[in-house]
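Structure below; questions to follow.
Chain naming follows the written order as A, B, C and D, and within any one chain the residues start at number 1.
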Amino acid sequence: MSKVVSLEEAIRAIKDGDIILTGGIVEDRRPVAAAMEIVRQQKRNLVLIGTCSLCDDIMVGGGCVEAYRGTYTSNGAFGISPNFKRRAEEGTIIFDDIGHIDYSLGVMAGQAGIPFIASKTCIGTDVLNPAYDNLAQVREVARNKDVLPNKKYVLMEDPFFGMGTVQLIPAIKLDVCICHVQMVGEEGTVRIDGSLTFDHMAALSARTVIITAERVVPESYLRQDPNRNCIPCTSVDMVVEVPWGAHPGQVYNCYDMDIPFLQEYSLSCTTQEGFDQWAAAWIFLENGHDGYLDKLGASRLEKLRAVPPYGYVPRNKGGLK
Amino acid sequence: MSKVVSLEEAIRAIKDGDIILTGGIVEDRRPVAAAMEIVRQQKRNLVLIGTCSLCDDIMVGGGCVEAYRGTYTSNGAFGISPNFKRRAEEGTIIFDDIGHIDYSLGVMAGQAGIPFIASKTCIGTDVLNPAYDNLAQVREVARNKDVLPNKKYVLMEDPFFGMGTVQLIPAIKLDVCICHVQMVGEEGTVRIDGSLTFDHMAALSARTVIITAERVVPESYLRQDPNRNCIPCTSVDMVVEVPWGAHPGQVYNCYDMDIPFLQEYSLSCTTQEGFDQWAAAWIFLENGHDGYLDKLGASRLEKLRAVPPYGYVPRNKGGLK
Amino acid sequence: MTREIAKIGEYTPIEAMVVYSARFLANFDGKKGLIGTGLPLVASQLAKMMYSPNMIIFLETGQADANPQELPISIMDSRLTYGSSWQMGDPEGLFPLSRNEIDFGFIGGAQIDKYGNVNSTFIGGDYNKPVKRLAGTAGAVDIGVFAKTTIILMAHQKRRICEFVDYLTTPGWMVKKWPEGTLVRREELGLQGGPSCFISSMGIHKFNDDDKIMYLDKYFPGVTPEEIKANTGFDLDVSRAAEADPIYTEEIRLLREEIDPMNIYKMR
Amino acid sequence: MTREIAKIGEYTPIEAMVVYSARFLANFDGKKGLIGTGLPLVASQLAKMMYSPNMIIFLETGQADANPQELPISIMDSRLTYGSSWQMGDPEGLFPLSRNEIDFGFIGGAQIDKYGNVNSTFIGGDYNKPVKRLAGTAGAVDIGVFAKTTIILMAHQKRRICEFVDYLTTPGWMVKKWPEGTLVRREELGLQGGPSCFISSMGIHKFNDDDKIMYLDKYFPGVTPEEIKANTGFDLDVSRAAEADPIYTEEIRLLREEIDPMNIYKMR
């Protein structure tokens, strides 16, 4: 059964107040085209889980996000995520920092269908500071409150190995998971190259899973080597072909990052007006993503295309100068 | 740095009383040649973790194993593991049954480096029967007691999602993990085809990891597609090339199972004398594994060789009749 | 389409058990099942051919949407990998259960009691020195705890269908609350699901809505309710039983010619 | 081999910081490190070329034994995948830490205190309305909790090197015991490891064995201990400090010509 739909139709499945995780990390393999469609459809009150970088920050700028729970709020080499930074410093967005292993274990627990897990991962740090625990405020924003745990953590003594005080970490569950990948079959089988980040786990614990991909390929092709696939079709609800759907970030084996575009984003979005102008120029275009690609221009994109066998554009070949 | 050693040298690293897990499951992709070498080297007091099938049962027959903690004690279609069955019914082997998700979560916790995890997985069943809890007896056999938990499980109320009473499951850790795989690089990078069973997790939480493989291939070949690899070289201590090292079981993409051999094993090993005769015929041969292969004969083995693209011998091609 | 009816004697009781199991799977077309090794796998193959073509099969060794082109022998058979959507290991293969994605679990076993509890661990004697040691838990615990419903298949023998199992491996309707081991309804422990039917080599058994005790729902053609009662280790209610619809020659032909021509599963 | 010494002024303070960091990594040849994004990655590249060729690099996005052929920009840069032994995701990339396999962690940060605690979450104001919001925890918590030792690198500025961090992201030697938030020695919470050195753009700092307070161990050529003290936000003990060995032209050449010819990391 084919799950292929248009980007517009896929994003229509997201409801205001949904708890959402986007695939990839920092600026790479992010569902940027999907995030731009979310901005176009003016979703509201989304709760972001995991990280708030590039595509997430675009949604923050677009007024779609009111709460964030995660481990990272930066665009890496391109600076702290500008829209999130501004709203955090204004005090107009709810956030609840957790650790990176914290997040990993939460997502791992989610895919294993278990309620919680124990670790020493944030012991000793301000992640466990009760004064900074904003989970209750995050829950207020969420539409489906039962997707979030009652408590941020519980401390207890390890009864098995004498590891002392450990932190019980609740599972991370999701309403929506959107991943951008290299290849997907029409039934939803996903193949990812490069870091899987959290996608292979998060997609298993979300109620609705949307896959945007550089290419939709025959399902039968991917099923010749099931060991190489990263998300089973049984966990995927909708499939959308979106070439260059993670631009300006990297997609391993497909394209390298568009550094000037990323720099321009950071500089433009220090104010809301700046973001709005940037959005007018890049998001609110006729023909949506096709318009975006045409505006970028084929020759600019071609310079980013990955070189085999590396999967990126080696600098000594001059691609990214 | 090459980690390639002989089978004899690899197995010499195993100490009496070690807690050991073997890769694959039931009769397939099991380190049979490695288990036979363990019998030849007369290891004693091993504690088996996970399952007790084919290669494990050979070690039981060989007098190497005194305790077992796991989820499965059968050779599948070929009947209950005959040596284990006999010793269980005699009351001369210690065993502690756990569930399959129990085991999965334990190994997952082990690879995540966390002490325990919560689940409803065995709630309501005799797996939690305190009268059947033999963990303390298993610990007595083990050389490194700190590798095993203090308790089999703890019951507690889920504080996060209102799931009621859940079972806290301790991590499974190991002294030794031996896996037989299709391909390994000389530095230890492992590529598996077909079910990974528990290998991809168990190998990460063992102190000593031995990989036997159908083929040792150039590390650089496997590093062209790191996404396809299943165990990182950083977790592997020793690498051994052992063609047909899982015979009489299957190895996906390499060979299919040798049904008559498996049937003969089951029939032979109902008594200790039967096993001893079988071992004299197949284990205690001159030239070890090479002797075993020569005794089987090349023409018998060739009939088992997998047919692409299936990875097994399709019956309608007559391979297994 | 009119189908030719197989005469009694033209098929074995085990074949009948597999055929009625396959028919029961018609309830799960388009649904997700976790299928145990052995005869459940055989019945699933027949169901996919005749009654439930869109059934989605998961296996405990980590195949999602498996589509074997010929009958697997082993639970990690190479035949299960080729053509599946995703091949991981046992944890990933079992977690669809704990994520509550699995609509039905389908297992065999060695002993079943009147509450639908199944034993696949040991029979007779003591746990530590059993008369007959069996395969252990493998998947059977987890399917019974997490699947939205369970289907159980087992040859009908008096000693195997009993008042209460020697070891409770797969939870049925009345299970053990620890640490005391008190018998309680499964819902009381927060367990969803429960067995919906037990298909033996003589008939189809269901469970009372109120006390969750097994009763005979259908007896196979050529078998009487009295025979079934006499071959059951507890006082089985056969008062509501009707004869099952007859078996088709096509079902037996598929089993013998297409699915298991080599009689690997010794059904005949 | 005699090496040509670089003159003061022929390199920037940031380049000096990276060079001394790379030299410190000589202690970890053949060892396993989890390397944070940014300048730690640059220093590791230099170390692999000159001081620690057999260092094994893990990254938090799931590469084991990464061997980038050119300098990555991103923590999940494609350059990290090609040539690595194994490419999974973030959980698998971080679990070598919690399995206690990682001999050293190497991170940057925005603020460090006299106990070696690092802050990468916010500076100034309140958590909920910070003057300056930063990147958050990403890896920094976990490296500080689990690595057998931690190396920290940060440009030397008075406001960044303080009495106590505004938010404790990476645990140093004196950490917070919850729920009260009492300051305790990290060992008291069962945490192994701890920071072994803080390399700034002016000098190398270590920690007293007894009270675990930071002191100046080495000052870079051309910098005086007094300048360092004046640029530090707490009363830094500089009494035991000696001048660091000079920098070699070869180190600077490699940084500028081989590792970061495009000056992506703005070291100069």
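The working rule: a contact is a pair of C-beta atoms (placed from the backbone, for glycine too) under 8 Å apart; a residue touches a chain by one contact, two chains touch by 3 or more.
Worth saying up front: this structure is predicted, and the values here are computed from it rather than measured.
**Q** Touching both chain A and chain B: give me those chains, sorted by label.
**A** Intersection of chain A and chain B contact lists gives C, D.
**Q** Note the shortest touch-path length, in steps, from chain C to chain D.
**A** Step count on the best path from chain C to chain D: 2.
**Q** Please flag the chain sitting at the greatest distance from chain A, going by CA centroids.
**A** Relative to chain A, the chain with the farthest C-alpha centre is C.
**Q** Round to the nearest whole Å and give the separation of the Cα centres of chain B and chain C.
**A** About 27 Å separates the centre of chain B from that of chain C.
**Q** In angstrom, rounded to a whole number, how far apart do the mean CA points of chain B and chain D lie?
**A** 41
**Q** Which residues belonging to chain B are in contact with no fewer than two other chains?
**A** 104-105, 108, 112-114, 119, 163, 193-194, 196, 224, 227, 230, 309
**Q** For chain D, which residues are shared contacts with two or more other chains?
**A** Answer for chain D, listing residues that touch two or more other chains: 63, 81-82, 87, 91, 95, 97-98, 146.
**Q** Chain touch graph shape: choose line, ring, star, complete or other and state it.
**A** other
**Q** Name the touching chain pairs, please: which are they?
**A** Pairs flagged as touching, ordered by label: A-B, A-C, A-D, B-C, B-D.
**Q** What part of chain D is in contact with chain A in the complex they form?
**A** The touching residues are 37-38, 60-63, 69-70, 73-82, 87-91, 93-95, 97-98, 121-122, 125, 127-142, 144-146, 167-171, 175-179, 181, 186, 189-191, 261-262, 264-265.
**Q** Taking the touch rule as given, give the residues of chain B at its contact with chain A in the complex, in rising order.
**A** It comes out as residues 104-105, 108-109, 112-119, 146, 149-151, 154, 158-163, 166, 168, 170-171, 192-194, 196, 224, 227-228, 230, 309.
**Q** Quick one: which bits of chain B touch chain D in the complex? Just the residue numbers, please.
**A** 1, 111-114, 185, 187-189, 204-205, 219, 222-224, 226-227, 229-235
**Q** What residues on chain A touch chain D, complex-wise?
**A** 24-29, 51, 70-74, 76-77, 80, 84-85, 88-91, 97-105, 107-108, 119-132, 134, 155, 163-165, 193-201, 249-250, 252-253, 256-257, 259, 306, 309-312, 314-316, 321
**Q** Please give the residue numbers of chain D that touch chain B in the complex, ascending.
**A** For this pair, the touching residues of chain D are 32, 54, 56, 58, 63-65, 67, 81-87, 91, 95-101, 146.
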